[in-house]
Every structure is written in C-alpha cells, then in structure tokens.
Amino acid sequence: MVTKILWINPIGSDIFDVPIKDNLNSVKYEDTIIDVISFKKGPKHLEYQFYEALMGIEILKAVKIAEIRDYDAAIIGCFYDPFLSESREISNIVVTAPAESSVAMAISLGHKFSIIVGRKKWIPQMEENISKYGLRDRFASFRSINMGVLDFQLNREETEKRLMEAGMAAINEDGAEVLILGCTVEFGFYKKMQKKLGVPVIDATIAPLKYAEFLVNLKNMTNLSHSKIGKYEPPPEKEIKDWNLEEYFGIDWK
Amino acid sequence: MVTKILWINPIGSDIFDVPIKDNLNSVKYEDTIIDVISFKKGPKHLEYQFYEALMGIEILKAVKIAEIRDYDAAIIGCFYDPFLSESREISNIVVTAPAESSVAMAISLGHKFSIIVGRKKWIPQMEENISKYGLRDRFASFRSINMGVLDFQLNREETEKRLMEAGMAAINEDGAEVLILGCTVEFGFYKKMQKKLGVPVIDATIAPLKYAEFLVNLKNMTNLSHSKIGKYEPPPEKEIKDWNLEEYFGIDWK
Amino acid sequence: MVTKILWINPIGSDIFDVPIKDNLNSVKYEDTIIDVISFKKGPKHLEYQFYEALMGIEILKAVKIAEIRDYDAAIIGCFYDPFLSESREISNIVVTAPAESSVAMAISLGHKFSIIVGRKKWIPQMEENISKYGLRDRFASFRSINMGVLDFQLNREETEKRLMEAGMAAINEDGAEVLILGCTVEFGFYKKMQKKLGVPVIDATIAPLKYAEFLVNLKNMTNLSHSKIGKYEPPPEKEIKDWNLEEYFGIDWK
Amino acid sequence: MVTKILWINPIGSDIFDVPIKDNLNSVKYEDTIIDVISFKKGPKHLEYQFYEALMGIEILKAVKIAEIRDYDAAIIGCFYDPFLSESREISNIVVTAPAESSVAMAISLGHKFSIIVGRKKWIPQMEENISKYGLRDRFASFRSINMGVLDFQLNREETEKRLMEAGMAAINEDGAEVLILGCTVEFGFYKKMQKKLGVPVIDATIAPLKYAEFLVNLKNMTNLSHSKIGKYEPPPEKEIKDWNLEEYFGIDWK
Amino acid sequence: MVTKILWINPIGSDIFDVPIKDNLNSVKYEDTIIDVISFKKGPKHLEYQFYEALMGIEILKAVKIAEIRDYDAAIIGCFYDPFLSESREISNIVVTAPAESSVAMAISLGHKFSIIVGRKKWIPQMEENISKYGLRDRFASFRSINMGVLDFQLNREETEKRLMEAGMAAINEDGAEVLILGCTVEFGFYKKMQKKLGVPVIDATIAPLKYAEFLVNLKNMTNLSHSKIGKYEPPPEKEIKDWNLEEYFGIDWK
Amino acid sequence: MVTKILWINPIGSDIFDVPIKDNLNSVKYEDTIIDVISFKKGPKHLEYQFYEALMGIEILKAVKIAEIRDYDAAIIGCFYDPFLSESREISNIVVTAPAESSVAMAISLGHKFSIIVGRKKWIPQMEENISKYGLRDRFASFRSINMGVLDFQLNREETEKRLMEAGMAAINEDGAEVLILGCTVEFGFYKKMQKKLGVPVIDATIAPLKYAEFLVNLKNMTNLSHSKIGKYEPPPEKEIKDWNLEEYFGIDWK
C-alpha cells in the first residue's frame, strides 16, 4: 500500500528541500512517496521562538492541505516540534516531528540519551519538550557545538569534528548510550558518527519519517491513531465557519 | 510613577474588553493606567490550541506595539498563557499572563492549589504549563465545571453554583488550600467564593495585572527584568531586516 | 525484504500460540514472517515474579536461538517485559516486549494513557516498569478488572464488559486519552473497544510486533540498533567459554 | 495607603540593621514604612540549623508583635526562611522570607536559576527548601564562594570578585539565566553583577521586601492572603490560654 | 553491650510517659535501657508548627543532656520529626524520630505505604517530610481519621474502628501494602490491625526505637554514624562560647 | 534469641565465601549465626544482567532451602539485589540485599549519598534500582573506579587508592555526605576510608547483614514483616503442584 508523506520545512527558504528529500528517500520504505515543501516567506531557520510563531499558521495550513490532498502523514521538520500538538488537533492524518519521534526510538535503544544541539539558546525550549514528552529521567544531557542552523552544512568537516567531540563527551562524561542530533539540518552525519562512536545516533530527519511510516502502517492495520479526545480534540466546525476563520487566516478547513 | 499596562484579550471579539477593564481598574494601583484591546478578526475564545496558533502573530504584534508606545507591561489575557515566552523573547517590557502569575502567588499562599477549569479539554495543556513552570509538586488537582468560555458570564448564578461546588470538592477531596480560577472569563466570582469557602481564590484577570505591576516596580527600582540570555534571547535585528519579516508578517519591529 | 520475527510465549503451555499467531498475522507487513513458540515445561501464566524467574533461562535461550537462526527480531510475549534488558545484552537482534512498545506508541497518541490490568497484583511491577521507561508523568492510572490471565479468553463476553467499564472509568475519571491492554492474553478486544470508547486502544500483542517491524526496518535502513555500551554491553565471550556457561545452562552462545 | 513592614534580622546583633534598612529604603514604594529589628541575645549569623532553632521563639514573638502593632507584613531576614511557615500559622499578616520570594520572582525572569551561597554547609537545607517550594525543575545549581555570612561585608572587593566568578560559572556551565544571592548579607552587590553579567540578579533583601509589598497590596485590594486551612491553620486560642503558653514562652498572643 | 536510649516526649505533659515506656519495653532488645522524659511546660500535643517551634530549645537541650549523660541514642517522640536534623547537627549520638524511621523500614516491607493521620491539618508538613526523605514515589496516600492527638487513647474502641476503616481504604483504594500510624499516640493498635488487615502496620513508637537500636549497634560495630559534613556539620564551639549561647538559652553544650 | 542468617554468594565460585564470612562475623550480634554459601556452577561474578538471570533459579532455590532449614533470613550477596523481590514473594523469611539495605541506612546518615562502583557498565541497572527504591532525590552520584569485581581484592593497595580518590571526588564535587561501596567484593576497605575521608562509608556486605538482623528482630518482637499482598503476594501452592514446577525446576517448595 502506498504511503504518501509530506515533509514540511517550516522556513522561508527551499535550500534544504532537495538534500533532505534525497536523504529521506534513501531510508524510506519502497512504497512510501515523500514530498518536501517549504515556504516562500519567512525566517530561514527557527532558532527563535518568535520565528516559530511566525510560521504557525503556514505550518497548520500545510498540514490541512496535506490532509485534503490525501497524504497519510505530515512531518513538521524542525527539532522544536513546532505546532505538532495543534496539527494533530485539527487534522485526522498522522503528524510527527523530530524530537518526539527521536525519543520514542531512543527509549528502546539504550539507557540514556543525549541531544547534540547547535546553540545553547535552543536548550531551554528543548528541555521543556523532553519534560512534556515525559522522558526527563531517561535524558542524559544537552551538548552544544556552538553553530547555528545555517552553519551545519557550510563547513561540513568542521561540523563533523564538533559533533564527534560533543558525542564523545556525552558518552564519556554524561552517561549517554544513545545520541540524538538535535536539528534537522544536522543531516548527513549520523552514519559516520555511529561507526566511529559505536553508539546509535539518531538523525533528526530520519526519525520522524520512520516514525510516521510506522504510525501510518499502524493506523492502516489497526485503526489506531492520535486520540481525538482531550489534548487533540478538534475545534467544532461550526465555530470555524461562523467566525470566518478559514477566510481570515487563509486556511482551507476541509 | 505612572505605570502603563496593556491588557490583550487575544480573541476576535471585544465583548469582554469593558468588563475586564472595569474589573482591573477596581484593583490596580492608583497610578497604573490600563488599556484593554482585542482583535477584529479571530476566534471568540481560545479553548483550542488551533485558535491560539491563529492569534500568535496578532499577540506578538500587540506586544511590540505596546513596547513602541511606551507601555511598561503587556498582559496576555488567556489562562493558557499563549505566546508568553515568545513575547518576552522579542520585547524589553514586562510581559505576564494568568497561569504563571497565579502560581507565582499561590506558592506563598498555601501548601497546594487546585485550578478550576471550564472544560476537561483544557486540562492537558494547562497541566503541561504547570510542569513547565516547575510547580507540579505544589499542584493538587484540576476540577472542571463543564462550561465553555462563552458560558461563564451568561448564567452567572449557575456558574457561581458550579464554581462553589468544584472549589469545595478541591478543598475537601484533593487537599487544596488555594484555588485558582483557570480562565480570564471566570472574572467576577472570586470574592464571594473566597468568603464562602474560606480560602484564597485567585482571579485570572487580577493575578497577571498585580504581578505585572509588581514586576514593573521591581524593574524601575532595581533594573531586574526578564533575562535576555537563553530562553528569552532575542533574534538578531539583522536577520529580521534581511528576511523582510516585518513586512511579510506586518510586525513593527521597532 | 523479508523480516523474520520470533514471538516467544514465555510459558509452559501452547494454548495461546495459534490464536496469537493468527492475531499477529492479521496486522503484520506482507513480507514479515512470524513464528510463535512456547515451552514444554513451566507455569501457564507469569502473574508472579517467581514464575518469570523460572522462565528466565528459557527466554534467553530462545532469543539466542532466534539470533542463530537468522531471525531479525524476537518478541518476549508478556506485559511484564521479562528479561527484555538481558535479551538485548546478549544478542545482536532487535528485541521488543509489550509494555515498552506500547508506551513508545502511546507517547504520540494522546496526552495520558491508562493500563487495564487483570489483577491488582500486577500493578507494582508494572508501575516500576513505567518508571524505568521514564514515562511516569504521561501515565494516568491502572484499572484492574479482577481477572487472571487464564480467564480472559474463557468468557469473552464478561471480559469485554469489564474492559469496557474499566476503559470508560479511565477516560472519565483518570484523564486517559489512550488505553493500553496490560496483558498479551487480552488480545482480540481492542477493535471493539476502540470503536465504542472512541479512543486509541493498544493491544499488547500488536504493539511489540509493530514496534519490532519498525526497529528492524530502522536497522536495515540506517544501522541503528540497541546500543552495545552500558546497559546492553554484552558479557565477554571468553568468560562464557572459560566458565562453561553454555554447557551448564544449556545455552547456545553462538 | 501606607504599608508598614517589619524586617526581622533574626540574629543577636544589630550590625546589619542600618545598612539593610538603607538598602531597603532605596527600593521601596514611597508609602512603605520599614522598620528593622534584631535581637539582643543570640548567634550573630544563622549558618547552622541549631542557631535557627535558638531564634525560633524570638522570631515568632516578633511576628506576633508586628501583628499587634499593626504592621502589614513581617519579613524574616534569613535565606533559610526560618519559621516562615510557623509565622504564617500564628498570624494574620503577610509574612515573607528571602528564598521563597526570590523563587516566586525567578519563575518569570528566565528558564533556570542558580543560587550563590557562602558555604557548602548551607546547600542541603536550601535544597530542601527549593524542593518544598516545588521548584526543583527550574533550579540550575548552587555555587559556593567559600565565605561565611560575617565575611561578605568585610572585604567587599574580594566578595565581589568571587560572586562574579561564581555567577559566570553558573551561567556558562550550569545553564543559569537568573542568579539569586543566597544570603541577606550578600546585599549591595546585585547591581554591578547585573550590569557585568547581563542577567537578572536577585538580591535576598530586596526580594522579600518587594514580594511583601506585593502581597500586602494584593490583600488590600482583593482580600487574598495566606490560606488559613491546612498548613497555616492556626492553633486554637483556647489551648494557648489553657496551657499558659503566652506566659511560659513570653509570647503575646494578642 | 548495654544500649541506653532516651525517649523524648516533646510536650508539656507526662501523661504518655508511662504507657509509651511500657510499650517500648515490650519490644526492645534485652540489654537496651529506655528512659522516657517529657517537659514541665509546653503544649500538650504538637499538632501545630507553632507548638513545635516552642519546644525546639527544650528538645535540643534534652538531646545534649542525653549525650552528656552517656545515652547512646535520643528519640524525638513526634511524627513530625521536629528538630531531628538540628539534633544531629549538635550531638554525636544517634538521633532518630518516628517518620524517618518508619519509612526506612517501609522501604523493604512492601511496594507502597500509606500514613494514617489524626487530622488533615497534619498532612502538608508530613508530605513535605516524605519528600525531604526522598520517598515520594513509594508513598501511596494519607488517610485521616478526624481525631486529635489527645483523642486517640480516650475512646480506644472508636479509635480502633476508624483506624481499621482508614487502613482498609488505603489498601483497597490507594494501593498501600504497608501502613504507618502517623502519630506516636496512636500506640497500642498496630497488632490487632496487622492481624485483621493482613499487612504490616508500623507503630510510630516502635519504629524509632528499633531503628535507634539498629543504628547504635551499627555504630558500635562499624563506627558508622550520622555524617558530620554538610547537613549535620556542627557549629564551632568557639562561636557558642564567644556568643554566650549556653548561658542565654540554658543549653549545656558539653 | 539465636538468629540464623544465610548469606548467598550468587556465583559459581567459593573464593569469597570465607573472607565474607569472616567479615560478617566481625560485626554481627553475638547470637547471630551466619552461614555463607555459593554455587558449584555459574559465572564468577554478576556484572552482566545475563549472569544474574542464569543464577535466578539457584538463588530462589537457596532462599527456599533457607526457609525450610529454619533460617530467619537470607541475604542475596550482590549489589544489583538480584531476585530480591522474587525471593520475598515466595518465602516467609526476611530477605535483604546490599543496595536496598544501604539506602535504608543512608537515608538517616546524611543528606546525599554517592555509590562507588567498579565499572560504568553497572550504573544503568543500579540507577534503576535507586529509582525503584524511591530515593533518586537523595542520590548524589555514581563514581566508577574502572575495576571489575574480580580485581578488587587482587591488588588491594591500588583498589584502596582508587576508592579514596573516588570518594573524595564524590564528597567535594557531587555533594555526597555518605558513601556506599557498590559491590560486595569491595569489602575490607570501609574502615580506612571512613577514617581518612571523615564521612560514613557503607560496606555492601555489612549493610544487608545488619539490616537483616534488624528486620528479624523487628519480626520477632512485633510480627512485622514483608507484606504479603501486592508485590510480594505469593503464587498459589495449587498451581505450583499442578504444574509440576517443583520437579521441573528442582525447587523444594516446602
């Protein structure tokens, strides 16, 4: 059965669209079809909470479009998992994101995991997410390599060197048995790290793809999907119509 | 010294503007000036995460405008505290919101506090906030009265009756010594509850006002304010200019 | 690519082998091949820790045999996840078990999950597992239906009735948005429950199968697998040989 | 409206009375009147739990006297917050203390806070307080500068140097975004630290004063005050009379 | 080897001295000698934090006297464990108290324990102690029987009836496998409860006695005793002399 | 009253039997009789979870034999506390083990404790045990000295040197006030460490012996023992007979 997945790069730049798509295609199930989109306008990375907020409506629109166009899953391609919960609230398809997917794997891969981030700025919000996902006790540490999102792919040798050092430190000093690369733009490094460091290294693009495939298959086979009571209970269609929200915010509700 | 505070009702309706303003004016410091705004377009309540997301940019715009127009503080008037963290990231004024302010008071008012919400739907996100603010161990329970935001002021007698019952149950069964009313539209009830139930009852409009006055005074006297490293580190102005974010999103950055 | 999975019913009885195999076959990927085994001798259920301990060596032998016979994954078919950690320590294949797999799914399916158990006796050990997996904060409650493992399939109508009641109570009183059936022999009920209760219901046989398929595919595609440092670091072969452990305990180490 | 506040230096020495009063007067509201008292007999600092215990009755007497003499609030001027809870139990005025007040501010000023203490000896009890106040998850670290209470104001240059170093380390190594000076006698340093280190620095004398003013205003405006059920439920006057406790312990109950 | 233990009833009444001594004598080691003291003046129970505070100096004096008179251990006979930490700070003998001793036993007697208290008022402080001792995760519940300290021994039948009911509820509804009687004056009931309820019931007088005997024997055999660094680091003798603390507070330091 | 205790060295080697027995005899109560056994076959240490699993049935057999032969207590002599819970489930005698016993002492000896282990490999499982026992908040750190179980007694000078260094580091850097030696084969070092480092050092052989004596005495005097509901509820004898478990596994049930 074909699985259609939409990867959303929630930024106003398409420079990562092709390499991420290539990357995803190399690890997908054969009958998975992946499309990658990004936006015309917007910040070129989401290091700041403000930038995330700016892209909120665009991300939600994209998720709704994915639903309308019969995608089985949408992936929000940023390790902050921005608007993941909102996306599940308003759609009936599978929605995943890097951080949640990574920890859902890490849980069975080793005792404790560390997350290697670009800049220290990212840590508070990611730490809040770890707590929100409930996994604080399995979390070993954050390690920062002092690079911004847009630096990772510029001087790949330097990036690799720093990732290796940070990974080594996490293993030796913090008790990490599993490493997570805490940014989707840290793609392309996990294989070498895994080989050299001898521990599983979770790539932030691969994790949400494979977890999405997993959840879609689960849904197809067992009808299991995001709960629609409580946290993901959707807003009533009547309100959305009555209040003209579709028109005002340019969202195609159905 | 005059303190100018902007209360933002982050919804597409002005029906609560006047009563909330009256309410706030009755408890403010003499030299505090309060303005209340709401938006032209948008959902009429924020019970759903989707609705919050829709109002994100509007809230942030309003905070920036408050800063430009020399307000000392902005208050985001919804108990989910939507975009509180983002607002602090992008501005240099005091920003408060109901949930955080309420717990910063509750901490010294009694051993444990309960939050009385309208609908069960609200609980997961509010519970995540309690954890984020770090106060899970001081938290007794949520109690729901099965009313939506727009119901609270319609049949005030019924609302009062249910609030009393829920408060009583929280005290007798959950060990609450302090009650928090978990919605800004639950205004107008705390006094009677306080009197009848014999415990402090925190009103979700009063809490962020008084906490804002407190933080503004603290800033004026000691220069103490939201930290600008880490979580609230602002995005670089250069990026905002280079990427045309002001224009695209209609935000006045300075 | 064909995926070979060995399901181990860690009890001295084959009565569940066929129905569980049928159940698994109905939800597997097309190119997954599933074998189900149980043991000649041993307790007929594992409700007691003592019974688990008795089956320890048998389980580990079976995992080693699975590895030698080129299975991609072994599943330990008991919701206590007995000897899961030990199995990963001594083998290089994927090993999963119901509780860990269920929570790795539940994490993305809703805010909080409840586990419906047969007898109260099971709760302490399962609670310890939830803590060990790190997910205490996402956990809503245990609900017991006062039935032993061997009762579930005897009077299926009664079982279904009690599961429904327990599920309803977990949803309405404990805040569960996701239900987990806390015993592999609670198979065959999740579909109806899901339909009637309107929330995802995780079946304890399906969860570890799908999670195993997921991890095997992940390993095939990215080489990601259980970390071999720290918790799952294997014992040195030399010790095993020198101490005659293979012979003494009847384990085929390689 | 005039607010009368009594600052209690709970030691047997008046050497800090004047400088602390000056310090407080420089940051108070205009219509706040502050009196500072200390005791004739007793230890000259409270670094040891034993010393605290010795001052217990004196502190409580002073709080009762404050109540009788129409003070609006009493402040217990030691970062261990000694007898804070007891004071609230027996009086109807606002009572604050440095540690609780500091964390009630820190909660909104940044993601995590560190506390800079004089000696390591202080840490266990302060850590217990952080837990008691419920804020362990927002707490980054303790940093000790190896000075006793009586050393801070002797060689102020040395003190400042060490505070700067400790603050820097807390920021760079422990992830602190807010600093708290963990002793009332560390007064007079926060401004320079704040300027140099670029993060909010909470002074342990200013925090409980401003928080007291805040709570008094809150009480005047909304009648909100320390809950009188549970933790702060007062002892029955009849017992106190019947058992001659006033006479025996020299406490003026009313 | 003879072990001399001083039981301190930290109240201004000797009515419980004889029955508690009889109770203790019935379970002690043969070569343990127990003395029981109480005070001339003071509250007749310690239900309020204020009452505890009043007895602080008396308790500490008694512990110092015990040390001087060659007692091996002192026991502070109140389930709030008042001044336990202070007592260890200033003495070199073993000091125990009911709550800490009870949980140090409960930890190995079953999965979770409940504490049966007299009045709800007691709960907040006891809950803080459970957290301080680190055992929150092993704690099932408090159950109150709505009786004050002085009621327990008045109508023993009624007391027993309520204890039985509370214990039953803790077992059936809260998951308790072990019960703790949360007041030293709840003595004389554990045996019957244990028999009827079929779970271990820890008596608050017996626990600290047996734990004291245990720690004294441990000290005699291995020199292991309360650590004298950090939390229990004693104040310097020089300060105590220089500041005349012995004279002022009537404490015999040596 | 004579107390008979069986120490089980759960390994296939008797080399530690005599020195451990000597060690225990030097600290026991006079009327305690200690027997030490080990097994003919099996791994010579239990550093791996696999090795523990291999010894499971042997350990349980030994506990049952101890019960049949009227021992008052059995001690499982490995710091992983292997099969402690299972042993309590199937027997009616006191069963203790090093880790649980050590923390039940440490709780009253100082604020925080550190555990000095041989190899890092041991940490994850021990950390899980600390959490299971509920004492994570009182736990300071693990410190590893990079030695295997079989190395400790080979070059005792080197072992001592490393233990001292690790202990010092735990005290100075991690805030430990109490040290625990995290392996039964680290015997013979605690006295010197205690003297030199000035903090209590808990020996992993002495702790479970003294705690066993304590629990046996408690049981003799008060009938208090491991709860037989919930976690330690024993399997029904009927099942054991019907399923031939005694014969199959060579266990003498009674």
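Read from first to last, the chains carry the letters A, B, C, D, E and F; within each, the first residue is number 1.
We take it that contacts are C-beta pairs under 8 Å (C-beta built on N, C-alpha and C of every residue); 3 or more make two chains touch, one makes a residue touch a chain.
Since the structure is predicted, the reported quantities are computational estimates derived from the model, not experimental observations.
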(message) Shortest hop count from chain A to chain F along touching chains?
(response) 1
(message) Going by the touch criterion at the top, tell me which pair is linked by more C-beta contacts: D-F or A-B.
(response) A-B
(message) Looking at C-E, A-B or A-F, which one is a repeat of the C-F interface (more than half the contact pairs shared)?
(response) A-B
(message) Rounded to a whole Å, what is the gap between the Cα centroids of chain B and chain F?
(response) 53
(request) Can you check how far apart chain E and chain F are, centre to centre, with Cα atoms defining each centre and the answer in Å? (result) 28
(request) For chain A and chain D, let me know how many angstrom lie between their CA-based centres, rounded off. (result) 45
(request) Hunt down the residues of chain C that sit against at least two other chains at once, touch-wise. (result) 111-112, 120, 123-124, 131, 137, 175, 177, 230-231
(request) Using the touch definition up top, name the residues of chain A that touch chain D in the complex. (result) 120, 123-124, 127, 131, 136
(message) Considering only the defined contacts, which chain E positions touch chain D in the complex?
(response) 12, 41-44, 47-54, 56-57, 60, 83, 85-86, 89-90, 120-121, 123-125, 128, 131-132, 230-231, 233-235, 239, 243-245, 248-249
(message) Residue numbers of chain C touching chain B in their complex, please.
(response) 111-112, 137, 175, 177
(request) Write out the stretch or stretches of chain B touching chain D in their complex. (result) 26-29, 96, 100-101, 103-105, 107-112, 131, 133-138, 171, 175, 177-178, 190-191, 194, 198-203, 206, 210-211, 213-215, 217-218, 221-232
